[in-house]
Amino acid sequence: MKNKVSFIVDFFSYGLKGGSSYYAWLGILSLFILPWAYGSYQQMVAKGMIVAGFTDQISWAVYEGNFVFLVGVAAAAVTVVFPYYVYNYKTLKNVVLIGEMLAITAVLLVMLFIIYHMGRPDRLWHLAPIIGIFSWPNSILTWDVIVLNGYLVLNLICAFYNMYKRYTGQPLNEKFYMTFVYISIVWALTIHTVTAFLMNTMATRPMWFHSLMPLKFLATAFAAGPALIIVALLTIRKNTKLEIPDEAINLLSQIVVWFLGIALFLLLSEVVTELYPSTEHSFQLKYALFGMFGLSKMVPWSWTSYLVMIGSFVLLLIPRVRKNYTFLPIICISLFIGIWIDKGYALVISGMIPSPLGEFSEYTPTWIEIFIIAGNWAIGLMIFTILAKGAVGVMLGDVIHPSAAGKEVAHH
Amino acid sequence: MPEDKESEVKREGVDFSKRAFIKTALIGGIAVASGAVIAKKIVSNIPNTGLTNASVSDELQQDRVMKDKEFVVMSKEEKDRMVQMFVSEYKYTA
Amino acid sequence: MKIKKITKVTFGALVAGTVIFGIGHFQTQAQQEQPAQQAAATATVTECFESREGYTARSRVENVVPEYGYPNIKCSQTTGGVLWWGDPYDDTIPMGDMPDIDDITKGDYLTEDAVIKPREPQLNYFNMDPDKHCVMCHDGKAVPFPKDKKPRMITMHQDIVEDSMELMHGEGAIWCLDCHNATNRNTLIDHRGKEISFNQPQKLCGKCHGVEYRHWRMGIHGKRIGSWIAGGKKRWWVCTECHNPHTVQTNRFQPLKPEPAPALPKGMKNADHESVHAPSAAGHGEATPAAMH
Amino acid sequence: MPAEEKKEVKGTTISRRQFFKQAGAVSAAVAAAAASSVIAPEEAEARTTFAEFFQNNYRLMTDEEKKEAIARLEQRHSEEYGKKVTVDGSPAMKDVLFGYALNIQKCIGCRRCVYACVKENNQSRHDTEIQWIRVIRMEKGNFTVDDMDKGYPNSPNESFGIQVGGNAYKNAGVALEGQHYYQPERVPEKDAFYFPVQCMQCEKPPCVKVCPVRTTYRDPDGIVVIDYNWCIGCRMCMGACPYWARRFNWGDPNLPAEEMNPKTHYLGNRPRMRGVVEKCTFCLQRTRKGRYPACVEVCPVGARKFGNLLDPESEVRKILDRKKVFRLKADMNTYPKFFYFID
């Protein structure tokens, strides 16, 4: 117990220590906290969700979109865990923990966003099994609650058990550890699939109501997630002594290309399927792509996102560009933003336009909403920075129990 | 040669003149009769057109629009089956 | 050194933010109070019509059910129509007898608890004697009876019946005295010479419009308020409460001013995009892959 | 462990309740004397929200708990609105299954039903405005017979000299494409008809299926109800409803005290709070007492009909027997109990 406490203390105190650029980064992120606090107070305490841009016509919007997108980011940890443990891809040795830290952060952020999406977060306990009513298995939302919390727990166990064993210099209990690793690999696929089911089981929203949705969700997630991991790895490599081989980054950028290609193919087949017969079911997609009846707020967003995705795909196909580590993070960041627009903004919102009664309206996020979203992301990045920093410390052997210092134990 | 052709045409015209006359008369007769019928119809309808049209457009318009919209009207069997379902599956749970 | 600087900047930002936050909060509170004042300022309409403008004007009476402080009716502030009935039977009388109809449904169970809003008290033209009204003039002496029922123009009574000059009903085949009783103008009359009260015009209308009358009797045509329970007490609307018998041929219902449109969704400035719609029509529709018949 | 917690919760509620009983006489007097007082409603709200926080889903409450919850609400709303407010908790009537029929040929689009509903059911009047009924104005469209003979495209270079029929390249319309914000001088207009939509009280309601906390459920009389106090505001039901029948209280509802309808039902028109979903209940505070819904009563043309689907003598059953009936979005397989009919 004492060891565990000292591990936690050491882990986080290492995570909070750093050079001046590290503090500058955290300082920049903390600048978002004030408007976030203001927005949160307005929405949670003073006035309710009316401060955001929601309407009865567009009742799911950017909070839900960020939720959907971040579930994908969380699921993407599997793209490093899977090759490392299943294919024994050793170059990913130092990457796995970063991936798991990203997954933990993303799930936490998912939960943060969903609390903002709820009208009555104070009644969250109604959803708790036994003391509340947990309408499982009828409501897909309850499935999502299970898979997301399960994934969080699995990742916490895998990552922190591994790190704790490194910290104390003890060997891993392979059976115990690998069981959780394999479960978490399968689980990662379920979280995004179930989130897709959450939307595509709504028969009344034609844009979501097709069976490609879970596939497309996974494909975009496995492009956006590794893109973020690449950026994180390059930053870590630049700023710490942690060894991250080029092969690891190359593997990840290949994963990005492959899944981005699949995502674009699925997008194409969706567009053709909807637009050629041009039934009323295509209205949502048409609104997103071309605008309808003079309403076209979504058009620049969706085209930006598609062009960024196509452009990144073409660029990343070229090995020379993929291996250029000055261009690669730029492409990765823009791709990440492009997929965020597609899933986090365009998909959720245009799916609600028109309403089931054929009413067209548009969505305008309010400043308070933007404050909250930016603040949530800043909090997420802050958590990720600290967790990743701590993990790097563990991997470097800087975070280590005094008794274990100097010991060498073989680890995964 | 041109004279020959002309005379031939004339000859044909003369040859078939009787039959042509009957034909013309018949067609003319039918035309006149049907014209009269149509005229009668039109004339007899004139005083009422305003009101009839108004009535038609007011009363039947929605019917027409509904047909264009093609909302599916339930068949008698369908309705009976549905009502039967409502009745038989009703259960009161306090 | 840098850390100190960053801390200073962050602290400064915190203070500034708190100030902005405070100002914003109070401003928004002030904004909230405005609409409530506006709502209180609107005048209250206390008289409104039920179905047909100009036919039944009803006054709002407060505290019909004192326990709840109900008015008997609530009036629309924008169109002058009744929007809500507190007491559905207020001001009504029993329907009285109704002849049986040979319908396949069982019996005529509804008539027992049927009430209507009487029309007769509203016939107050020259209302010096409560029993007279129309008979004041149409007593056979002051105004002579027409000898036949041949349709002809009359110039009388445009003050009571605005459309008396352009009778649409029957497309010129009938005229005033086919419905109005020549000898007792306070009543209506059917084709067999039976006197019919203005309270019960359906007894006259039903003579020609049999299908509508039967459907009305069944409760699937026309309007009723009160109890939905079969056999429960209901106030029935009679024919003339909805239809203007003089112009029914062109206007089944008299056009009304509609209640205001719903508020536009947040962020929308107008509904112009709706008029851009190429109105679809023959679109198959979600529900509707097949044809109507 | 969970059982203990439940007991604790119950204990708190009861002790609160006893406190109310003691304070009851005093506060009632205060309410009567100073109805205009600004402080009273806030106090009342603060006192009750605490107890409400721990209360169970209405369907699972014991009769005792229901009574308590209702008494709590009655007291609070009476103070808040300065008049006697009753909250009814009456269950569904036996052998009754509500059905609704609307004569689409008669509807003139006057929107009186919309406002009657607002007045009856205590919806928020502004910011944000909530209306449970939406009337859509529809027009005859542009898929015309004349166009059938026309070629497309008009340019001879592209047409290959073959006509394809003028409608082939046009987009199909939506069944429910029309104007929601029409505002003519008079209705009905020529060349238009009107399509009111509200909750259909489906027999197979998608909204009930998706609710993660079962705050919305179908009562035995077929009405899909919501326990506003159990709703967590996730809006899954709003996404799932094919009829766009559900509305959300984005902020605190704005309901002027003088317009508040004091005769309420727990599952129906009692004042709602911020962050919960609400919808049409066929005015169950009225219909469970035998009265017609407000929209049926107010319709100036008698287009709306209501009754018991189990009773062959009811108006709805007679309409199903005799008229041409269709259901909106029947392919969604939700078995709506709201029927549109034509003569």
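A, B, C and D are the chain letters, set down in written order, and residue numbers restart from 1 in every chain.
One rule holds in what follows: a residue touches a chain if its C-beta (ideal position, glycine included) is under 8 Å from a C-beta of that chain, and two chains touch if they have at least 3 such contacts.
Keep in mind that what you see is a predicted model, and the values were worked out from it rather than measured.
Q: Can you check which chain pair, C-D or A-D, has more C-beta pairs in contact?
A: Of the two interfaces, C-D and A-D, more C-beta pairs touch across C-D.
Q: Please indicate the chain closest to the centre of the assembly, with centres calculated from CA atoms only.
A: D
Q: Approximately how many whole Å separate the CA-defined centres of chain B and chain C?
A: Spacing between the chain centres: roughly 40 Å.
Q: How many Å are there between the centre of chain C and the centre of chain D, using C-alpha atoms for each centre?
A: About 22 Å separates the centre of chain C from that of chain D.
Q: For chain A and chain D, what's the span in angstrom between their mean Cα positions?
A: 37
Q: Measure off the straight-line distance from the CA centroid of chain A to the CA centroid of chain C, and report it in whole Å.
A: Each chain reduced to its C-alpha mean, chain A and chain C end up 57 Å apart.
Q: Mind pulling the residue numbers of chain B that touch at least two other chains?
A: Answer for chain B, listing residues that touch two or more other chains: 65-66, 68-69, 71-73.
Q: What are the residue numbers in chain C that touch two or more other chains?
A: Chain C, residues with two or more chain partners: 252, 264, 266, 274, 277, 281-289.
Q: Which chain D residues sit where two or more other chains touch them?
A: Residue numbers touching two or more other chains: 127-128, 134, 138-141, 143, 171-178, 180, 242, 326-330, 332.
Q: Quick one: in the complex, what on chain A touches chain D?
A: Within the complex, chain A contacts chain D at residues 47-52, 54-57, 59-60, 117-124, 126-127, 130-135, 138-142, 145, 198-199, 201-205, 278-280, 283, 352, 354-359.
Q: So in the complex, the part of chain D that touches chain A is made up of which residues?
A: Result: residues 2, 5-6, 53, 57, 60, 127-128, 130, 134, 136, 171-178, 180, 197, 206, 209-215, 230-236, 238-244, 246-252, 274-277, 329, 332 of chain D touch chain A.
Q: Which residues of chain B touch chain D once you look at their complex with the stated criterion?
A: These residues of chain B touch chain D: 57, 61-66, 68-69, 71-74, 79, 82-83, 85-87, 90-94.
Q: Would you pull the chain A residues touching chain C in the complex into a rising list?
A: 20, 23-24, 27, 30-31, 34-35, 37-38, 41-42, 46-47, 53-58, 279-280, 292-295, 360-364
Q: For the complex, give me every residue of chain D touching chain B.
A: Contacts found on chain D: 91-92, 94-95, 97, 99, 104-105, 138-141, 143, 175, 190-191, 193, 203, 220, 309-310, 317, 320-321, 324-328, 330, 335, 337, 340, 342.
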